[in-house]
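In the part that follows, the structures are each spelled out as structure tokens.
Across the two complexes that follow, chain A remains constant while its partner is chain B and subsequently chain C.
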Partner chain A sequence: MTRLAYGSVILFGIAAAGLGGYGVAGGAGTLRLTWLVPLGGIELTLDPLGGLFLALIGLAVVPASVYALGYPDGDTGRFAYFVFVASMCVVPLAANTMTFLIAWELMSLASYFLVLRDRESRESIRAAWVYAVMTHAGLACLLAGMLLLGADVGSPRFADWRAAASALAPTTRDAAFVLLALGFAGKAGVIPLHVWLPLAHPAAPSHVSALMSGVMIKLGIYGLLRVSLDWLGVGPPWWGAALLIAGAASSVIGVLYALVEHDLKRLLAFHSIENIGIILLGIGSAALYRVAGLDALALLGLIAALYHTVNHAAFKALLFLGAGAVVHATGTRNMEAMGGLIKRMPWTAACFLIGSAAIAALPPLNGFVSEWLTFLALFQNMRLESVGQNLVFTLGIASLALTGGLAMACFVKAFGITFLALPRSDAAAGAHEASPPMRLAMLALAAACVALGLGPTLVVPVFGAVAAAVLRTAPQATGGDWLTLRVSGEFASLSTAAIAVVLAASFLVPLAALRLVGASRRTRGYETWGCGRIVQTARMEYTATAFANPFKRVFDFFYRPTKRLDIEFHPESRFFVERIEYENPTRSIFDDWLYRPALDLLHAGARAVGALQSGSANQYLAYILVALLLMLVLA
Partner chain B sequence: MFRQLRTALRTGIVTEPVVPAGELERIGERLASEVARHFGRSLAIRQVDAGSCNGCELEITGLTGPHYDLERFGVHFVASPRHADCLLVTGPVTRNMAEALRRTWHATPDPKFVVAVGDCGRDGGVFRGSYAIVGGVADVVPVDAVIPGCPPSPAALLAGLLEAIGRLAR
Partner chain C sequence: MIAGIALAIVQVVIVGAGAPLLVGALRTLKARLVGRRGPSPWQPYADFRKLLAKEAVVSTTTSWVFRATPYILVATLLVTALVVPVVTVRPPLTFAGNIILLVYLFMLGTFFLALAGLDAGSAFGGMGSSREVAVAALAEPTVIVAVFALALRADTIDLGRIVERFGGEPWLAANPAHLLAFAAFFIVMLAETGRLPVDNPATHLELTMIHEAMVLEYSGRHLALVEWASAMKLFLFMTLLANLFVPWGLTEPSGPVAVLRGLLALTGKLALLTIAVAVLETAVAKLRLFRVPELLAGSFALAFLSLMAVFLVR
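The block that comes next holds the complex of A and B.
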């Protein structure tokens, strides 16, 4: 039964990818079922941008479902999984408000049930609750924005909005942009609307986390693309600037939180926030360049954003699947209880390493190419004239550079503490390799990371065509020959294939040269250097906490760490310590300064309004009388 | 982070101008040329405290300061014996440190050489015969050169290193 369920989802995914590919290639089609639901009926349209996201969903669903076949908890939540996948596929095809909101809400509800897989644990219930609240707050914004536009344009169809966008009043457009962007940003996990992400991703089973992080939050990006570049036409510059600033904040803050996080899946969730930020940098720059009339640069920014979207789906899905294999093998998500897994799970470790290198933007893998393109798009801000816009771009450049370095440090930690050295717990010592379907899924995604990194000259023209369709400009030759990618004429070029060859040669040539000159191949085996200690145990290893501590100190104004030290002395002498408990937690400024005051305000408001509801029927009758009188007077 | 920046800005530069030392420069230049000849331009030293009173360490630390500035001669201290060409061992070898010193020696890749520093490192010094020590450095690992003194001055350390390299080359 499980096989049948996931097998059919795999076929569905392949079909979706095929249809999406047809859309990217320029195929178009419309399906209209007006009798099914009121207010415009169901209407689906295939266009290049929707096709790209549909293909992305389809291609991500296949490995996730293959993985689920081998995942021990795969047989729970099959129905919700199917609904989740199907509704995600409908979102990028939806052509009117009704269709879009039905698919969007189904997607949210199905993923809510998947997050709430463990109905016994308080943690899981809280995660699902926060997720439900945040996603519905986002839905409320979307609904308001779409109804506003629908009422103003007089049609719920997105194609009509596009046609009427330039004729709309600026205030209406701005209001619609703010509402829709807030709704989509909540789903994408943009700071400060990110709070649900680090709770929901760890609670869901890993193949679902991979889809939620790899694909579902990308639908938030899809929405932001539609809002900022498509439905509302060419907007004022502050739209792009707002997106750029949100991207800069998300990327830096996401990676800062990831650095001090020792729950493997939460760490990955924070990295999703970071990567959403990087994608937003590309979208924001595209929007700003488009306003300034620099179509070629807008195209470049959008290509970078789309490329990073696809790349993030590949490596983040890979990392979540790898983390799932590790969590299943060790029974914990706490990195401090792992270690030594590279010997016990070599396949998982190799795939996780490829994913880590890709997300840390190391050449020649895919993360590098898209971050490089994003950098190039940002660096060409010198062609803009406005000082304010240039400052915003500078902020984006600085934050992207900082993010790159911190992400590197974070994945040294994530891979090193999890997979290297001695096992830190019995569970880690007894870990076992993932089952064959899980390995197959991870290998496929690792291959995708390598292919997307080595073949930018093949994929960039595809993204270029999609971006040109969105911006409605002529697709420019951003390609180059088959090995070297050239950007904006002679501005910059890159050949990841050449980098790969040089890297491989720097490793192989010395080996070959040593053999040629007849160097001695004698080796000497000796234990790992442990500062001369006689006994080495896992307790002497570097911990994730220790690794993150320097960052905690440098950025203490952001983390605001608190220290708690509990020492229990021997009853007879203070010189003998029985037990030491040390805690060094960080506090979230968003919880303390944004959500808590907002919730307190809400509670206070509710209490004030609650005074009206006394339970006395006489009072209620008085209310009705007053309301009636008011109505009569006003009318 | 802001506190650190503020302190750095407020404190300013506190070092004094360097006074050139003639004798030191000459030893240093010769050391640099020897290091360049025999060690591919850089000599990596791992310092091991096998039970020293830290008098020798104080002088060794002086070598890395702005006055002597050992690194300009191509000699530098490293954080692991895995990176080292030379072990600079101080102090009488106490019982507790004997095994650690042996392991450090094993962990240092070949070719390597060992320099015992100070009178204690030579033969136990004032601690000779104590129940707490095993003896001089040479009683635990093979020693290639000895720099005597209690403690040897940084200039003596430089001269001793130079001599040790010269002896090895022969």
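The block that comes next holds the complex of A and C.
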């Protein structure tokens, strides 16, 4: 039964990918079922941008479902999983408000049930609750924005909005942009609307986490693309600037939180926030260039954003699947209890290493290519006249550079503490390799990371065509031959294939050189040097907490760490310590300064309004009468 | 094509063979400055010979990551040597990604070296790794931002063309953006190559060390490779600083004469820079470890200001 369920989802994914690929290639089609629901009925349209996201969903669903076949408790939540996948596939095809909102809400509900898989655990219930609140706050924004636009244009169809966009009043357009962008940014996990993401992603089973982080939040990006570049036409510059600043903040803050996080899946969830930020840097620059009439640069920014969207889906799904294998093998998500897994799970370790290198943007893998493109898109802001906009771009460049360094540091920790050295617990010592379907899924995604890294010359023209269709210009941002990708004419070029070949050749140089100079080839295995101690144990290893400590100290204004140290001494003598308890937690500025005051305000407001609720039916009848009179007077 | 490959080989040989001499000369100079005779500048080559003759002792705790890292590290630096304009303004691999590639290649090396530091499971290695990535995470972005500030004013991100542009129009260098970028880059060079006041290359004292702690577990040929890589990194950073901010003497690779002239210019510039670094290292004390990130954050801020200055002063 499980096999049948996931097998059919795999076929569904392949079909979705095929249909999406047809859309990317320029195929178009419309499906209309007006009788099914009111307000315009169901209407689906395939266009290049929708096709790209549909193909992405399809391609991510296949490995996730293969993985689920080998996942030990993959047989719970099959129905919710199917609804989740199907509704995600409808979102990028939806062509009117009704269709879009139905699919969007189904996707949110299905993922809510998947997050709430473990109904006994308080953590899981809280995660699902925060997720439900945030996602519905976002839905309320979307609903308001879409109704506003629909009423103003006089049609719920997106195609009509597109046609009428330039004639709309600026205040209506701005209001619609703010509402829709807030709704979509909440789903994408943009700072400061990210609070649900590090709670909900770890709580779901790993193949679902991979889909939530890999593709579901990308539908937020899809929405942001539609809002900022498509439905509302060419907006004022502050739209792009706002997106760029949000991207800069999300990328740096996301990676800073990830650095001090030692729950493996939460760490990955924080990195999703970071990568969404990087994608937004591309979208924001595209919007700003487009306002200034620099179409080729706008294309480049959009290509960078789309490329990073696809790349992030590949490596983040890979990392979540790897983390799932580790969590299943050790029974914990706490990195401090792991270690030494590279010897017990060599396949998972190798795949996780590729994913780590890719997300840290190390050449020649895929993360490097899209960050390179993003850098170039940001960098060419010297073609803009406005100094204010230049400074916003400068902020983007600085934050992208900082993010790269910090992400590298974070994945040294994530891979090093989890997989290297000695196991830190019995569970880690007794870990076992993942089952064959799980390995197959991870290997496929690792291969995708390598292929997307080595083949930008083949992939970029495809994104170029999609971006050109969105911006309605001719594809002209990039060129080059099979080996070298040229950007903005002769301005810059990239060849990851050449890098890979030269790196491989250079790898042989030290091998050959050692042989040539007649170096000793003897190797002796011995224990790790330890200042004369007798035996090495895992307690002597560096911990994840210690590893992250330099960062905690550098960025203490952001983390605001508190320290608590309890030492219990032996009753006889203070020279014998019985127990030491040390805690060094960080505090979230968003919880303390944004959500806590907002919730307090909400409670205070509710209490104030609560005075109206006396419980007496007569009083309620009086309210109705007063309200009726007021309405008659006002109307 | 043939000329390109020949130039690539020349460049790799200059960097690979010259790097130990640079380290040796720096040590000799430092010794002389404090009144010691010190070892000969050729001492690092003798050290390599000794290390290569010894057997390698590898901890049984480690995995393949530990054994592969020295080779990966050397490979990344050899590729980097092809991206930096060393003796001509047309480095052979410049088409493959330029300054961004350069920085991320350094990061690739740091990534594996830091993993190897964790692999042996001793507290030393972990401590070194943690500190090294903390330094690298703040230093490497600074390189990108500082070089971008130069690139914006030269209107190209091609390192060779930046050198060419500033070599042709030296008055461009008299600009606040340029000076800020220089200050930022200089601090980063010291940090990235483990010099004073960030790290002390001459000590194995566990409380202060960064890089040396991370590679503590290496021995024999592995240690030789790691040390060679460190020397190449120092060489490349100093070359980059010298050629970007003192852009004279480099031309297009029109023939052996041009390459030779570039080599002579580079030798002169590196000699001056070596004296400067040696004097600096003799004059300053090592910073407390947790002051180091503040210094680096300061250099990142300088680079950021430099980038902003490009727009504000244009």
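Everything below uses one rule, namely that the second predicted complex is superposed on the first by the 615 of 635 C-alpha atoms of A that agree within 3 Å, B and C clash if a C-alpha of one lies under 4 Å from a C-alpha of the other, contacts with A are read in each partner's own complex, and residues count from 1 in each chain.
Simple rule for what comes next: a residue touches a chain if its C-beta (ideal position, glycine included) is under 8 Å from a C-beta of that chain, and two chains touch if they have at least 3 such contacts.
Predicted model only: the values in this text are computed from it and were never measured.
Enquirer: Looking at the superposed three-chain arrangement on chain A, would you call chain B and chain C a clash or a fit?
Expert: clash
Enquirer: After lining up the shared chain so the two structures overlap, which partner does A:L362 touch, if you call chain B first and chain C second: first, second, both or neither?
Expert: So A:L362 only meets chain C here.
Enquirer: Give one of first, second, both or neither to describe whether A:W35 is in contact with chain B, with chain C, with both, or with none.
Expert: In the superposition, A:W35 touches no partner, neither chain B nor chain C.
Enquirer: So which one touches more of the residues on chain A, chain B or chain C?
Expert: Residues of chain A touched, chain B against chain C: more for C.
Enquirer: For A:F547, is the partner it touches chain B (first), chain C (second), both, or none of the two (neither)?
Expert: After superposition on chain A, A:F547 lies in contact with chain C alone.
Enquirer: Per the contact definition in the header, classify A:G532: touching chain B only (first), chain C only (second), both, or neither.
Expert: The answer is first: A:G532 touches chain B but not chain C.
Enquirer: Which partner does A:F575 contact after superposing on A: first (chain B), second (chain C), both, neither?
Expert: Neither partner.
Enquirer: Examine A:D556 and indicate which partner it touches, taking first as chain B and second as chain C; both and neither are also allowed.
Expert: In the superposition, A:D556 touches chain B alone.
Enquirer: Clash-wise, after the superposition, say which stretch of chain B runs into chain C: 25-33, 97-105, 115-123 or 133-141.
Expert: Of the candidate stretches of chain B, chain C runs into 25-33.
Enquirer: Output the chain A positions appearing in both contact lists, the one against chain B and the one against chain C.
Expert: Chain A residues touching both partners: 524, 526, 529, 554.
Enquirer: Spell out the residues on chain A that touch chain C in their complex, using ranges where they run on.
Expert: On the chain A side, the touching residues are 339, 342-343, 353, 357, 360-363, 368, 371-372, 375-376, 379, 382, 387, 390-391, 394, 397-398, 401-402, 404-406, 408-409, 411-413, 415-417, 419-422, 484, 491-496, 498-499, 502-503, 506-507, 509-511, 514, 517-530, 536, 538, 540-543, 546-551, 553-554.
Enquirer: For the complex, which residues does chain A have touching chain B?
Expert: Where chain A meets chain B, its residues are 524, 526, 529, 531-534, 554-557.
Enquirer: What residues of chain C sit close enough to touch chain A in their complex?
Expert: 12, 52-65, 70-72, 74-76, 78-79, 82, 93, 95-98, 100-101, 103-105, 107-108, 110-111, 114-115, 118-127, 129-131, 133-134, 136-142, 144-145, 148, 151-152, 155-158, 216-217, 220-221, 224-225, 289-290, 293-294, 297, 300, 303-304, 307-308, 310-312
Enquirer: Contact residues on chain B for chain A in the complex?
Expert: 1-2, 4, 80-82, 97, 99-101, 103-104, 106-107, 110
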